[in-house]
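Following are the structures in question.
Look for chain A in each of the two complexes below; its partner is chain B in the first and chain C in the second.
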Partner chain A sequence: MNLLYATLEFIGVYVYVSLASLLWAGIDRKLVARMQRRIGPPLLQPFYDFLKLAGKESIIPRDANRFFELAPLLALATSIALLAYTPLGFEPIFGTKGDVVVFIYLLTLVGFVRMAGAVSSGSPYAQVGAQREMTILASREPPMMLALFAILWRLKGLGVEKPFSMGTFYEHSVWELGTPLSVIGALLLLVAFLFWLSSEIEVGYFDIPEAETELAEGPMAEYSGRHLAMFELAGAIKTFVSASLVVAIFFPWGISGQLGLTGLPATVVELLFHTLKVFAVLFVSMSLFRATTGRLRITQAVNMLWARLLPASVVGTLLLIIDTLGVVA
Partner chain B sequence: MIPYLIIIPLLGAFAMPLMGLAGRKAGELWAVIVTLLTFGVSIDVFNTVWKKGILVYTLGAKSPIGKGVDFPVRIVWEVDLLGALLALVVAFVTLVVVVYSIEYMKHDTGLEKYYTLVMLLEVGMLGIAMTGDLFNFYVFFEITGIASYALVAFRNDTWEGIEAGIKYMFAGSLASSLVLLGVVLLYGQYGTLTMAYLSKMITGNPTFTSRVALGLLIGGLLFKSGAVPVHMWLADAHPAAPSSISAMLSGLVIKLGGVYAITRLAFSVFGGGTNLRTLGWVVILFACATLIVGNAMAVVQTDMKRLLAYSSVGQIGYILLGVGIGLAAYGSEVGNVALAGAIYHTVNHALIKALLFLIAGAVIHNLGTRNLNELSGIARRMPITSFAFLVGAMAIIGVPPMNGFASKWLIYESSALFNPLVGVIAIIGTAFSFAAYIRVVFTFLGRPCERVMQAQEPGKAMLLPMLILVAAIVLTGLFPWIISDRVMLPAAKMLENTGNYVSAVLGGA
Partner chain C sequence: MKLPTTLSTVLGNLFKKPATNPFPKTEPVPVPEKFRGKLVYDVDRCVGCKLCVTVCPAGVIEYVPEVRKVTFWLGRCVFCQQCVDVCPVNALSMSDEFLLATTDKYDDNLRWFHGEEIERLKEKLAEKKKTKA
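And now, the complex of A and B:
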C-alpha cells in the first residue's frame, strides 16, 4: 500500500514538474525578451512547441543506429527517475541514506544519454557537440560534488536521521551553523553552485555544446519530431531538478509551519513555495546570465570551471572544515 | 559429489580424441554435455557447502589421518564457500565458452585438441579451487598453466600466437618453478603437504624458511594473476589467443591460479604464523600499482583485445586490493568487508570479462580486425552485440544497475575506511577505466565506416552465450546486497576463520 501511494505521489510530482518546468521555460523567454525590449512569445509558448514537435514527423538519419531512437526515451526516463530523489520542498519520495550518489549519478546520466544519442546519429556536427558536452561535463561536476559532499558531511555532524541523503537539508541548513567562517564558506559555495547551475543547464558562458550559431544545435543537430520533444522535456525537467538542488541546499525553509498547515495541504503549499524559489534561483542563474553574457570558447569555459569554480568550492569546503575545529570563534 | 567435479571433465578430456573420431559434431556435442554436467555438479557442491559448511574429501580412505599416526597422510580436497563459489563460476564460464566455441572455432582445425585442452583447463582450475593439499595444488596449477600455454598458441599459423605462447610459457614456467621451490622448502621444513596440517605446524613454529617459502609462493602466484611488474605476458597472451580462450584466461585463469591461490595460502596456510599486516601491505602495494598501470594502459590502446587485457590487469588490482586490506585489517569489520568485496569482484569480473572477450571475439570473427579505429559504427550493423558491450562496459566501470557496482562499492568503502589514500587510488583507477571504455562505446556508436557496413550479427551459438552472460550480469546486479549478505560475507568469514579450515581436516587433533 505504501509503495502504491509512493507511486501515485511520484506520478503526481512528475506531472507537476513537467508543467512547471515548461512554464518556467516560457517565463524565461518572456523575461529575456523584455530585457532586450522585445515583447517575446506568450507564456505558454513551450507547451505549443512541445505539442507541435510531438506531432511532427521524426526523421532518422541513414547512418544512425538503434540507440539514436532509444536515447530520447532513456533521457526522459532518467530525468523522471531523478524526480524520485529530488528534494521538492519535502523529503524526496524514495529518499534513503546515501541517496545523494544516486542523484548525482542520474543527473550526469541524463547528459551521457544525450551525448550517446548525439554520437549515434552519425552526424559530425552532433559528434563535435557531444565531445564538447563531454568536456564540459567532466569539468563541471567535480566542484559541485565537492561542495555538495562537504555540506552534507558538515550537516551530518549536527546529527541527522539519514546521513548523506537529500532529506538532510530539511532537518538542518548550512546557515544554522551561524559562525562567521561557516557563513563565508557557505556564501562561497552558493556562488559556486549558481555557476554550476548555469553550466549544468548550459546557458550564458556555457552555452557551448548547443552553440546554435556555431555548431547548428550541436548534439541535437539530427533530432526532430517527437524525439526532439522528448529531449526538450527531459532538459526542462533537468533544469528544474538542478535548480531544486540549489534551493534545497541553500534555501530550504518552508512556510507551512507559519501557516499552520499539516498533511496534504502542507505538502502542496511547500511544493508551490519551492517552485517559487526555484524560479527565483533560475531567474538569477539562467535568465539574467543568459541575457547579459555571451558564449565562451570551450577552452575558456574549461579553464573557468577548473581554475575559478573548483578553487571556489575548495576554499568554501576548507572554510567549512576549519570551522569545525573551532579555532575562529 | 565432490570427486565428480574432477572425474567428469577429466573423463571428458580423455575421451575427447575418441569422440573426435566420430566426427566434428559429435566432439562438440560431447564437450557441451561434459561441461553442462560439470556445471550441474558444481551447483550441487556449492549448494551443499553453502548449507552445511566446509566439505572434506579424502582420496583413498575415509579419513585423511594415517593409521597409527595423528597427522594426515593422504591427499585431501577441502572445499569451503570461496572454493565452491569459484568452482561454480569456473564451470559456468567454461560451459558458456564451449557453447560459444561451436560457432567461433568453425574455421579452425584440430578442434578435438582444442576441446581437450579447454576441458583440461577446467580440470586444473576446479582442482585448484578444491584441493587441500599443497603438492596437489601445484599439480593442478601446472595443468592449468600448460593447458593455457597450449591454448594461447593454438592458432599456430599466426606469428603472434606463437610469440605470445613462447613468452607466456617461458615466464610462466619460471613462475611455477618458484611456486614449486616454495612447496619444497615448506615440505623440507615441516614434513607435510596437507594445507590444514601445515597451517597448524606453521602456527606452532613459524620459521625463517616458512617466510622465504611464502615469498616465493606469492611471487610465483602474483605472476599468474598479472600483477603489475609481471603483467607483460598477459597483454600479449590475451590478444593472441582465440577469443573464447581469452575469456577463460581473463575471466578465470588469472583468478584461480593467481588471486585465489594467494588468498588461500595467505589465510588458510600462513594465517596463523605470519604477520598478516606486513603481508597485507605488500599485497596492497602491488594492488595499487596494478590498478593504476593496468587501467591507465587500457586508455591508450588501439587494439580492442589489448585494451580488454589491460583492463583485466586493472581489475585484478581491485581484487588484490580487497585481499590486501582483508589481510592488513585482519579480523576487523573493514577487513571482512574488503575481503567480501574482493570475492564478489572476482565473481563479477569473471562474468563481465568473459562477456567482453566473447563480444570482442564476435567482432573480430566478423570484421577481421581488432583495431578500434577501424571499428567505428558497429552498432549500426550489430545492435545486439553493441548492446551487450554497453552492458559489459557499464558493469566493469561499476554503474549501479549492473553487478560491478556493489562489488566495487565494497572495495571503495573498505579501502576508504582503511586508508583514504588507497581509496583515492582506487577511484583514480576507475576514472581511467571509465575513460577507456567510454571511448570504445563511443567508437561503437559513432559513424559507421565502410568496412563495418559489411558486418552482420553473429549466429545464435555466439549470441546465446553473450546474452546469458548479459542476463547474469543484470540479474545479479539487481540484488547486490542480498548476494553480498548471503554469499560473499559468509564466504569471507569462512575464509578468515583459519581454525575451522584446519579442524575440518584434522578433526579435534
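And now, the complex of A and C:
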C-alpha cells in the first residue's frame, strides 16, 4: 500500500515537473526576448513545440543503428527516474541513505545517453557534437561532486537522520553554521554551483555541444519527430532537476511553517514555492547568462571548468573543512 | 572573470517596451518616398515602343505585336524601375504595394494585360477595322 502511494506520488510529481519545466522554457524564451527588445513567443510555446514534434514524422537515418531509437526513450526514462531522488521542497520520494550517488549518476546518465544516441545516428555532425558533449560532461561533474559531497559531509556533522541523502538539506542548511569562514565558503560554492548549472543545461558559455550556428544542433542533428520531442522533454526536466539541486542546497527554506500548514496542503505549497525558487535560480543561471554571454570554444570551456570552477570548489570545500576542524578559531 | 558588459543593457531592456512592430495586428512599417513596389501598367497610354522590353534585365515584359502593347509577368520583376524611367509616355509606374505573396506564381495579381484582355483588345481592333472599311 505504501509503495502504491509512493508510485502515485511519483507519477504526480512527474506530471507536475513536466508541465513546470516546459512552462519555464516558455518563460525563459519570453524573458530573453524582452532582454533583446523583442516580444517573444507566447508563454506556452514549448508545449506547442512538443505537441507538434510529437505529431510529426520521425525520420530514422539509413546509417543509424538500433540504439538511435532507444536513446530518447532512455533519456526520458532516466530523467523521470531522476525525479524520484530530486528534492522538490520536500524530501525525495524514494530518498534513502546515500542516494546522492544515485542522483549524480542519473544526472550524468542523461548526458551520456544523449551522446550515445548521437553516436548511433551515423552523422559526422552528431559525432563531433557527441565528442564535445562527452568532454564537457567529464569536465563539469568533478567541481559539482566535490562541492556537493563537502556540503553533505558538513551537514552530516550536524547530526542528520540519513547522511548523504538529498533529504538532509531540509534538516540543516549550509548557512546554519554561521561562522564567517563557512559563509564565505558557502558563497564560493554557490557561485561554483551557478556556473555548474549553466554548464549542466548547456547555455551561454557552455552551449557547445548543440552549437546551432557551427555544428547544426550537434548531438540532436539527426533527431526529428517524437524522438526529438522526448529529448526536448528530458532536457527540460533535467534543467528543472539541476536547478532543484542548487535550490535545495542553498535555499532550502520552506514557507509552510510560517503559514501553519501540515500534511498534503503543506506539500503542495512547498512544491509551488520550490518551483518559484527554481525559476529564480534559472533566471540568473540560464536567462541572464544566455542573454549576456556567447559560446566558448570547447578548449576554453574545459579550461574554465578545470582551472576556474574546480579551484573555486576546492577553496570553498577547504574553507568548510578548516571551519569544522577549528584550526582558525 | 569580469561581469559581461551587456548585463546592464539587458536588465534595462527588461523594463522597456519591445521595439518591434507586431505586423499582422498592426499596419506594416510605412514605406518611404519613391518606394519601388509593384509595377503598375496603364494599357491605354502604352504606344508599344518596346523600350521597356529592351531595358528590362529580368525578362518580365513581352511584346504583343497584334495589339502593339506589352504584357507583364511580375513573378520575375526585380523592382529596378528601369522600365518606368525609360517609358516615354508614362504608361508604367511603381506603386506602394509590396505584399505580393501568392500560392500560384501565375496569379492575376502578378500579371498585367494578359489572356482575355488581349483577346478583347484584338476584337475591338477588328471591329474598328470593320467600321473603317
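In the analysis below, the second predicted complex is superposed on the first by the 327 of 329 C-alpha atoms of A that agree within 3 Å, B and C clash if a C-alpha of one lies under 4 Å from a C-alpha of the other, contacts with A are read in each partner's own complex, and residues count from 1 in each chain.
In this text, contacts are C-beta pairs under 8 Å (C-beta built on N, C-alpha and C of every residue); 3 or more make two chains touch, one makes a residue touch a chain.
Since we're looking at a predicted model, the values are computed, not measured.
A.B. asks: In the superposition on chain A, see if there is space for chain B and chain C together, and answer fit or clash.
C.D. replies: Aligned through their shared chain, the two binders fit side by side on chain A.
A.B. asks: Thinking of the overlay built on chain A, is A:R66 touched by chain B (first), by chain C (second), by both, or by neither?
C.D. replies: A:R66 contacts chain B only, not chain C.
A.B. asks: Quick one: is A:Y105 in contact with chain B, with chain C, with both, or with neither? Answer first, second, both or neither.
C.D. replies: It touches chain B, and chain C stays clear.
A.B. asks: Who does A:V119 touch here: chain B (first), chain C (second), both, or neither?
C.D. replies: A:V119: touches chain B, not chain C.
A.B. asks: On the A-aligned overlay, A:Q127 touches which partner chain: chain B = first, chain C = second, or both, or neither?
C.D. replies: In the superposed model, A:Q127 contacts chain B only, not chain C.
A.B. asks: Tell me the contact category for A:V314 with respect to chain B and chain C: first, second, both or neither.
C.D. replies: neither
A.B. asks: For A:I322 in the superposed arrangement: first (chain B), second (chain C), both or neither?
C.D. replies: Touch partners of A:I322: none, neither chain B nor chain C.
A.B. asks: So, A:L288: does it touch chain B (first), chain C (second), both, or neither?
C.D. replies: So A:L288 only meets chain C here.
A.B. asks: What's the minimum Cα gap, in whole angstrom, linking chain B and chain C in the superposed view?
C.D. replies: 31
A.B. asks: Looking at chain A, which of its residues have contacts with both chain B and chain C?
C.D. replies: Comparing the two interfaces on chain A, one with chain B and one with chain C, no residues are shared.
A.B. asks: Looking at the complex, which residues from chain B come into contact with chain A?
C.D. replies: 377, 379-380, 383, 386, 399-400, 441-442, 445-448
A.B. asks: For the complex, give me every residue of chain C touching chain A.
C.D. replies: The touching residues are 1, 4, 6-7, 10-11, 13-14, 16, 18-20, 22.
A.B. asks: Could you list, by residue number, the parts of chain A that touch chain C in their complex?
C.D. replies: Result: residues 31, 33-40, 288, 291-293, 308 of chain A touch chain C.
A.B. asks: Could you pull out which chain A residues touch chain B in their complex?
C.D. replies: 63-67, 102, 105, 115-116, 119-120, 122-124, 127, 130
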